[in-house]
Amino acid sequence: MILRPPHRLLIEPIVRHALEEDLGRAGDVTSDLIVPAEKRIAARLVARKPGTIAGLVAAECAFALVDPSLRIGIETADGSSVVAGTVLATVEGSARSILTAERVALNFVGHLCGVATATRALGAAVAGTRARIVCTRKTTPGLRVLEKYGVRCGGGFNHRFGLDDAVLIKDNHLVAAGGIAPAIARVRAGLGHMAKIELEVDSLGQLEEALALGIDTILLDNMAPDDLKRAVALTEGRAVLEASGNVTLATVRAIAETGVDYISSGAITHSAPNLDVGLDF
Amino acid sequence: MILRPPHRLLIEPIVRHALEEDLGRAGDVTSDLIVPAEKRIAARLVARKPGTIAGLVAAECAFALVDPSLRIGIETADGSSVVAGTVLATVEGSARSILTAERVALNFVGHLCGVATATRALGAAVAGTRARIVCTRKTTPGLRVLEKYGVRCGGGFNHRFGLDDAVLIKDNHLVAAGGIAPAIARVRAGLGHMAKIELEVDSLGQLEEALALGIDTILLDNMAPDDLKRAVALTEGRAVLEASGNVTLATVRAIAETGVDYISSGAITHSAPNLDVGLDF
Amino acid sequence: MILRPPHRLLIEPIVRHALEEDLGRAGDVTSDLIVPAEKRIAARLVARKPGTIAGLVAAECAFALVDPSLRIGIETADGSSVVAGTVLATVEGSARSILTAERVALNFVGHLCGVATATRALGAAVAGTRARIVCTRKTTPGLRVLEKYGVRCGGGFNHRFGLDDAVLIKDNHLVAAGGIAPAIARVRAGLGHMAKIELEVDSLGQLEEALALGIDTILLDNMAPDDLKRAVALTEGRAVLEASGNVTLATVRAIAETGVDYISSGAITHSAPNLDVGLDF
Amino acid sequence: MILRPPHRLLIEPIVRHALEEDLGRAGDVTSDLIVPAEKRIAARLVARKPGTIAGLVAAECAFALVDPSLRIGIETADGSSVVAGTVLATVEGSARSILTAERVALNFVGHLCGVATATRALGAAVAGTRARIVCTRKTTPGLRVLEKYGVRCGGGFNHRFGLDDAVLIKDNHLVAAGGIAPAIARVRAGLGHMAKIELEVDSLGQLEEALALGIDTILLDNMAPDDLKRAVALTEGRAVLEASGNVTLATVRAIAETGVDYISSGAITHSAPNLDVGLDF
Amino acid sequence: MILRPPHRLLIEPIVRHALEEDLGRAGDVTSDLIVPAEKRIAARLVARKPGTIAGLVAAECAFALVDPSLRIGIETADGSSVVAGTVLATVEGSARSILTAERVALNFVGHLCGVATATRALGAAVAGTRARIVCTRKTTPGLRVLEKYGVRCGGGFNHRFGLDDAVLIKDNHLVAAGGIAPAIARVRAGLGHMAKIELEVDSLGQLEEALALGIDTILLDNMAPDDLKRAVALTEGRAVLEASGNVTLATVRAIAETGVDYISSGAITHSAPNLDVGLDF
Amino acid sequence: MILRPPHRLLIEPIVRHALEEDLGRAGDVTSDLIVPAEKRIAARLVARKPGTIAGLVAAECAFALVDPSLRIGIETADGSSVVAGTVLATVEGSARSILTAERVALNFVGHLCGVATATRALGAAVAGTRARIVCTRKTTPGLRVLEKYGVRCGGGFNHRFGLDDAVLIKDNHLVAAGGIAPAIARVRAGLGHMAKIELEVDSLGQLEEALALGIDTILLDNMAPDDLKRAVALTEGRAVLEASGNVTLATVRAIAETGVDYISSGAITHSAPNLDVGLDF
């Protein structure tokens, strides 16, 4: 898969905002007072733990915004899995500037590598099955674009990016509409041909009803592996099947072996522990 | 301690941005197409796991921004530790509006309760010692103000909010300045009386030098408990001592028992797993 | 079809920006100097020509932003087709405020009704066929969300909202990829299950290749009606077909009668003449 | 006349916003997935229909914001009238970047050339008279600065840019003030010497009253050519006269031949059809 | 003269920005920690020195943004000249909220009253002459709209608001153009009828040239009173005359008595000392 | 002391906003119409009066934002005290660009040099005493960061930057808390180790109470020199003492001679007259 990070026009405002958050009103008073303006250093971004890399472009952006004269070298490609001690990037130039940008750069990289690493772990657990790991809208507010990229770096796939780029009909929508058929009818009457529709079902009965209506993308919510297996058999390839609910490293293999196409996890974005990445001088 | 959430002027732009991120260009197409405009519901925010509560004000803000006519009731105070099943808040009004705001509201609450819960766990582990748990600048970009509040809800204390509201002199600053004495001299020459100065040391020798210079706030970085004990003894109350490095649930008690005043943890903000909070209709 | 305007959170910044553009630095100096503060009036938004209505919510937003105490009444539903002289909305309150907001309110309404009216005209021309009128990304910069809504008010359907919410593979993409098969392969390898893929073809040969690859949404670009008919026959319902190119009131009926599912037009957004709407006191 | 486009500081935020509108959250997924990063192309912006050129600077800005390494050459000066097939500009560099920026660049150029072309047509119709074509505040929300420039490129002149940079007293102001004399008195008492005052009149009686009060800029609203002629005669050069209302290509010559100084048209900004401009590879 | 403050849409972003500047990331930590949430107070904004009042609307806006439930009463009209001890406004409600907003509210009021007071002083010094006091573009960055209003509150008049709402031809423009005649010709060729043109001259020779070209608004720069008198005589009412340069309380009367129409001062905006205004509980 | 201006990331938005304020919608119409695009000039920023220099970086930023191709040379270091006629900076390049940026650049420099000059004057008056001059939060809205830097350029020190970076307990807080002891207790219970606490007292009795509680930073508000002397004696070095109230050039020496450590002045930021700086061609 091609790993292209979000366009600079999308990342830069997020990184700029994070720098403003850290600089506050007075900026980096410690470095400004102590470090001579002419002092130059070379530093390396190093993974202190093994993991999968993502988001070095955000670190690069942080250093460049603080000081366009810094020279940054990316040493490890996003999507790589590395051992502890691997140099991810280098940065050379004004010591003040590097110290000022350091924390923000690391905060991005540590978080996004954490997302990629957690995604990779789930992906490894389902290796050999047809299942793809996919993320959700359970992302950290303000960072969705970057976290979705972190998921791709970990070998995962992206679900919809927001409420507006695809339809996902959940139980509460069905209650409000009075059932699957009227809900689908309303959506089909109002939407053009370029929007995907997915229906969440929680029973085999609902699944049958959905298939009968020609729904081609179905989310099986909180079903036990045995029911998932039955769902796969019943579907006979007529729809793409996504499983969600209770997805952990301990359970994901069994879910994948039922034959579903996608397994979605909120934890890979909202609960992934930071990967420990440091800046060495 | 008084728990006052960040002022609405500080929270609202963050929540508004998160809503815009989720609404995209076309808004909640699923609910718009399926849910009748006049449909009204009542829903409850419920903790699905035990934990410490923080940030309900962000959820409240999300619902109010989406629809000022929604009626929101806070049922559980921030800072409370609750059992699974506890109702945290209620919301009543337009079904469409509630469904549109749901995910953003939950993303904030789940994350901030996660921070509070992780902080509370460290705090509980050091109960009976003098040590206070304190956070760092290792926060999620864009959410520092809210995460710092989550730490307070978990019984922790806040370290500086950014590069500008206090001086923290680290090893690289000392290298650049040519030692502790010149670094301190530069800071004292340039700063007024309203800025705190903390010095990071990694040996007892440095600690002695710092105390001799009258530094009253010192960060002991990555010292083993035995060295921390020696540091406490050597200091004799002349300075506030903060310990950092390798702080986990397994190690924190031993660190606290050395007699240090503060123990800082990045994990409580950057690696706290989400607390599972859902919206029940 | 349900006509729900874009969420207030999406419209308000656009309307606010338009007001700021008109108020400049000094505001409405004419009204401020001449109209007494206590003077109150009632005014009516009136269509001076026949047309289809859209976007009264933007006018409402303009009046409310200028003065929250104004009372606005919507008299005609978006999506209605009206005769000249129809009252669309009423507004009562401070004369100064109404005069200050008037132009911006009318600029939005005139433009969006123009879009709806142009869409309705194309739709009427294809009545009785299976073809739906659909818009494009050829929209006025900054107004896409509102223009897409204007299209829906005119009975049309929306194509994708931007570069990111669906894949549309055009001739230049095929050249860069080295053909249809490799282009499709790359997209399928990288995209999850929630993104629609449409392929633009300009010959029956390409269409056959696309169908063989299982592409289910195809854009037939600039084909003459006879070729479109052949394309429909060849497809046999295996894909949704969209026709584009040289779509005018004069040509659209013939295109629709070929049996295509969608006909896309840039003119309904980028070249729709304003509907003349005035404010009567 | 000197044709200087709006300053980059004024244009760039508008273009950036349009790009963000098109990129959404995920950016140009099609090009990102299909087009190799190293692929380079040269493309030409070509007018597909005859018209008057305006706003190439906005296209240039769009390409530069997407990718500062693109090389853009302006081949046709703003204000030129060209035949179909004329190359307006060239762009060379990353194929991905050019494809990503293409639509936004074309949306600006097509619209602004449309404005210039419509203005030029009116201007041509009044050639040989003293009348100048002038625009209004009936502009597309958010694009006023650019559309006013489009008018200048078409040989037209700009009326005021907003509510604040000149006084324009209309019928409703007169009603609120109780007549022309008190309205003028209030304005003269409150305004300094650097603001222009124009009075709208709709009868020869009002015109006489205005001239008696020394008003030197008068808008004759919705008067028939015969009345306009009388107004010109009556004025005897004591004031600049602007005619408005029912201005079309069919009527404008007759209006101009009455001897008025300015003829204002909203249609040249709010109803100008797009000029068809494409990007050829 | 009618004193209408800038529209709320123009003021609110300025006041909001000032509050964000003061609240920083953590807000009013002192009041949050010390003042009980339920504590209510009543306070009065009081002038501690005599002066002319301006900008209470900015204070009102600051209190309302911090806490919409505060009740604010304006006791003294903008434009009034008051003695020390006069109550300007009252505010009642949450003690925390009032303390949080206090400094920002006072910073605006103190500054704007300072501007009004300085303007009033110059105006009083020229009482009985025809001269009006007028401001310049020498304003505090970010506060022009409010300072221009402060000038009006002090009985002064506003010069242009920016580079764009009128033409002011200065010596450097003349040098670049090659003289007065070509400069004027270029402006007249490019500008419509709604923009004022003022020409700066520094000699009677230039004045004569300007009058001969029909320029009706002329700035006499840095001329001594005797020359100003000669200029007035030479002009014979054919143009509005503005005097600038070396305008102080000591010199302004002599300048006014030469018969010029306007006297412009940068000091009333950029060097006006704050009026001492406090908040009493 | 090291004089480092605020980081470019903090200054640029302020300068950009000031330029937008001056350019309005249409930009510098005078220069655009009159000055040929190819005209180049060299100009010098010159102090017309003696004073202390601050903020040339803001002027540099203004020129660079208007036209990145301008070449700017800083000739005088911030913090220098200069005689009338001193060249502060040079700028070379497009005449249009320089004329467009001129006023904004001068508005910043004139104001910030004014702040530095006023601060220097107070500092000179207390030369030889231990007292340092310190600013307050009585700053011009929107310019705090720059004015605080102006104070440093004048040899002064900065007090807190906002409500959030230190605690300052005033009389109203004491009233709300019920006295000094409970106020201090609440602050100590809620704050971590990195926030400074200052207590304002207005009597020697309060001072004694504060010292007994171990408060190490105390503001003596509005005390006469005799009382200040007593306060210094009573304190015996146990706390840093700041004096405020009635600080003028006439009074500041006497205050300093009492032995206090800091003397705070609002006038150096809110009432400093502009330093006259011009641009010579």
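First chain written, first letter: the chains are A, B, C, D, E and F, and each begins at residue 1.
The working rule: a residue touches a chain if its C-beta (ideal position, glycine included) is under 8 Å from a C-beta of that chain, and two chains touch if they have at least 3 such contacts.
If you're wondering where the values come from, they're calculated on a predicted model, not measured in any experiment.
Student: Common contacts of chain A and chain D?
Tutor: Intersection of chain A and chain D contact lists gives B, C, E, F.
Student: Using the stated contact rule, I'd like to know whether B-F or A-F comes out ahead in C-beta pair count.
Tutor: Greater number of contacting C-beta pairs: B-F.
Student: Just curious, how far off is chain F from chain C if you go by their C-alpha centres, in Å?
Tutor: Chain C and chain F have C-alpha centres separated by 52 Å.
Student: If you average the CA atoms of chain D and of chain F, how far apart do the two points sit, in angstrom?
Tutor: 45
Student: Give, as an integer number of Å, the spacing between the C-alpha centres of chain D and chain C.
Tutor: Centre separation, chain C to chain D: 22 Å.
Student: When you check chain D against every other chain, which residues touch at least two of them?
Tutor: Within chain D, residues 2, 21, 23-28, 33, 100, 144-145, 158, 161-162, 164-165, 186, 190-191, 195 contact more than one other chain.
Student: Using the definition of touching given at the top, classify the network of chains in this structure as line, ring, star, complete or other.
Tutor: Basically all the chains touch each other, so complete.
Student: Which stretch or stretches of chain A touch chain C in the complex?
Tutor: Touch list, chain A to chain C: 1-2, 132, 134, 152, 157-161, 164-166, 186, 189-196, 198, 217, 240, 242, 261-262.
Student: Which of the residues in chain B end up touching chain A in this complex?
Tutor: Those residues of chain B that touch chain A are 14-15, 17-18, 21-31, 33-36, 39, 41, 95, 99-100, 103-104, 106-108, 110-111, 114, 137-144, 161-165, 167-170, 172-173, 175-177, 183, 186-187, 190-191, 195, 266-267, 270-271, 273-274, 281.
Student: Using the touch definition from the top, list the residues of chain B that touch chain C in their complex.
Tutor: Interface residues on the chain B side: 16, 19-20, 23-28, 32-33, 37, 65-66, 100.
Student: List the residues on chain C that touch chain B in their complex, please.
Tutor: It comes out as residues 2, 4, 6-7, 9-10, 144-145, 148, 158, 161-162, 165.
Student: For the complex, which residues does chain A have touching chain E?
Tutor: Residues 21, 24-25.
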